[in-house]
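Naming follows writing order (A, B, C and D), and every chain is counted from residue 1.
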Amino acid sequence: MSPSKALSKDEMAALVARDIPQGSYVNLGIGQPTLVADFLAPDSGVVLHTENGMLNMGPAAVGGEIDPDLTNAGKIPVTELPGASYFHHADSFAMMRGGHLDVCVLGAFQVAANGDLANWHTGAADAIPAVGGAMDLAIGAKRVFVMMTLFAKDGSPKLVPSCTYPLTGVGCVDRVYTDVATFQVGPDGAVVLETFGITFADLAARLDVPLRRAEDAAGA
Amino acid sequence: MTAVCASAAEAVAGVEDGSTVLIGGFGMAGMPVALIDALIDQGATDLTVVSNNAGNGDTGLAALLAKGRVRKMVCSFPRQVDSYVFDGLYREGKVELEVVPQGNLAERMRAAGAGIGAFFCPTGVGTPLAEGKETREIDGRTYVLEYPIRGDVALIGAHVADRMGNLVYRKTARNFGPVMATAATTTIAQVARVVASGELDPEAVVTPSIYVDRIVAV
Amino acid sequence: MTAVCASAAEAVAGVEDGSTVLIGGFGMAGMPVALIDALIDQGATDLTVVSNNAGNGDTGLAALLAKGRVRKMVCSFPRQVDSYVFDGLYREGKVELEVVPQGNLAERMRAAGAGIGAFFCPTGVGTPLAEGKETREIDGRTYVLEYPIRGDVALIGAHVADRMGNLVYRKTARNFGPVMATAATTTIAQVARVVASGELDPEAVVTPSIYVDRIVAV
Amino acid sequence: MSPSKALSKDEMAALVARDIPQGSYVNLGIGQPTLVADFLAPDSGVVLHTENGMLNMGPAAVGGEIDPDLTNAGKIPVTELPGASYFHHADSFAMMRGGHLDVCVLGAFQVAANGDLANWHTGAADAIPAVGGAMDLAIGAKRVFVMMTLFAKDGSPKLVPSCTYPLTGVGCVDRVYTDVATFQVGPDGAVVLETFGITFADLAARLDVPLRRAEDAAGA
């Protein structure tokens, strides 16, 4: 089933939300991935982790709810839900590094077909490097989902045979949600799961990555 | 998601023969006796048990040992005034023993929970408990390389749980519970009572719900 | 013993030039602005500052940077929308930068506080931030060897202290405070208020008094 | 100043208590060392740590105070003082291993002149080995005091040139408090600080360890 046009950011976020199992513990990276929270069903039982030290984070704070001591990893004021807990940074990152989160959703500059991720540094000589928790998130969660447009503004593909930007993590990405297709990536390469407004053939023509169809991959 | 179980039997269902079971408690403080009793009834055997002590009197871990379900004990202090069950089995060669310094026991489980592959530790350097282990001098001090201890199952005792699975403890009964909760694939907690989500102070939660798979009030 | 100081100036007295100063906070949450301001007045310079960010706007750490007191920043995320003070100094070559993944920053300070000589960590393997570092495969996974980060001084922000020096925090302002408190020779905390010993719930103390040298209510 | 006779256990404990600086954080090992608590001045500000997870432990619990959830490392019911805190085992041993305790007082089978400690295992073939926190305590505190009788029941000295029992820690002991003398030990060997009911010459004759007098050591 291929909708006739590319997905909006909200539609991508809804797609990610759909694939997060009931009751999962999830970290949503800074930027676009935070949109996913808006599409989780109220009864999903999904618990959000923020790496600055909290579980069961609630929606963004508004008006009188805003408390400078309660922010998410993007330093946006947020709220707490019943059953929340606070912990310090070593405990928070132990939780991630120890593989206790079910899903982490990240943005990316590039993802390689083998699951390598580049999302922290463009490698530009004059850029001030800043990694934050990106590397910890990339290697920590049981499953890492990436959410990005498939093509950069200059038209170059962001799903690549091999990352040209500095890596965030090696072979860490499981799924890639883009505006025109979703992919499974990993040691066996890239598999197209769904397409949106583009045919498999057109997709294969625009990427330098060998692609398989989900039907074929499942049969392999 | 944390399951609130109706009975200790339900809570320990599915523990497999040959499992490594982390059992909380320091002596009897924090020992999850109801869960251990349920595990005895459940029948899993050939277990490796990681716990600070090797049982007291005839109940709890001592009872599990007495039933012959434990192949190996990993602990810091098996020998106590009332550890006669373990002592007898050990002298008869019916149970293996690995003695680990108490702090290394805790830190090795912490490493398992925190995704640390191994760590250089100063404890035990130059003693029989470090024999055969890799050592390294760092900044003029000698350290021993210690590896994580992971559990298939952790049985712990806590004070109060909320329905999400957040736990608080009581006084020194806290001991190994929070560490073991992070180090096992399946963490099962017995508590005095289960309250609604939101009734525990989020600032005072000791074990966040993410580490807890099943809870049972006993 | 923990000293209850009458002023932030008294609390930061004696910080020496060339010190490594751990500064708590994630953005502005938990940043000990009064202590940083007092450190600016105190005059210590040639500092290595370890903090998650490299200052926001013109206050706190940004002000310390602006005064030229910082030789080197060790942090995970210098670049922010309002980190123009650091950005300018860095581009002019007036401050060194060591970027450390956020979790490694926390774990390396935790190791310093916990007496761990070094640890094998999976974060950053195969990335530029692990270049030149020792690696090892353990149980089929590759790890990088990471070393402790120790401070001469830690400046942290907490919520309430008791007179013994026990600390509790507020919400996500907790962040690096409890870890830094363990990793520095002298830990100095600014708090909203100081209460009598016995007024904090012993089950809910986050930083035990042993880690805290000086407190000041601001 | 040498009192005319050997010290009782209480007198040894009082001696140790005298040498613990005001406001110190102290761990008292199981057995005799726990007696030291009785001789700390009420205004000493000394805070007791118990490795099973508590700071500011109070005296032994009696009657209705007894709570099975509140024990010391010897599993004796104890009480809590205002300003107490509880923490889990990894945090408790991090506190020790990280060098945050000022003083730890331990019993011993043997102490070597260089500060090696043997206090966990007699090495007997049929003994069940049990170490508990002994090795962690031995290497953790800023200063380690040992409290023991100087001679075993069979008359053999427990301050020795080299431990024959399995070691607990290498070069970790700073001071040794015995019934007939107190010693400083370490890389420079054993120094006699005080004697009780025995002369320096008699002491030297009964030990296989070269001894120096404090006056000479100070001048060295």
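The rule is simple: contacts are C-beta pairs under 8 Å (C-beta built on N, C-alpha and C of every residue); 3 or more make two chains touch, one makes a residue touch a chain.
Note that the coordinates shown come from a computational prediction; the quantities given were computed from them, not determined experimentally.
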Chain pair with the higher count of C-beta pairs in contact (A-C, C-D): A-C
Averaged-CA centre spacing for the pair subunit C and subunit B, given as whole angstrom: 33
Gap in Å, rounded to a whole number, between the CA centres of subunit D and subunit C: 35
Distance between the centres, which are taken as Cα means, of subunit D and subunit B, whole angstrom: 29
Subunit B: positions in contact with at least two other chains: 107, 110, 114-116, 121-122, 169-171, 202-203, 206
Set of subunit A residues in contact with two or more other chains: 80, 86-87, 94, 96-97, 140
Graph class of chain-chain contacts, one of line, ring, star, complete, other: other
All pairs of touching chains, each written as two labels joined by a dash: A-B, A-C, B-C, B-D, C-D
Subunit D residues touching subunit B - in the complex, by the definition given at the top: 50-54, 67-71, 75, 80, 86-90, 92-94, 96-97, 116, 121, 126, 128-136, 139-140, 166-170
Complex contacts: residues of subunit B adjacent to subunit C: 107, 111, 114-122, 136, 138-139, 141, 143, 147, 168-171, 201-204, 206
Residue ranges of subunit D in contact with subunit C within the complex: 22-23, 25, 45, 47, 49, 55-56, 80, 82-87, 94-101, 140
Residue ranges of subunit C touching subunit A (in the complex, touch as defined): 26-30, 52, 76-80, 87, 90-91, 97, 99-107, 109-110, 121-129, 169-179, 206
Residues on subunit C engaged by subunit D in the complex (per definition of touch): 1, 110, 112-116, 162-164, 166, 182, 196-198, 200, 202-203, 205, 208-211
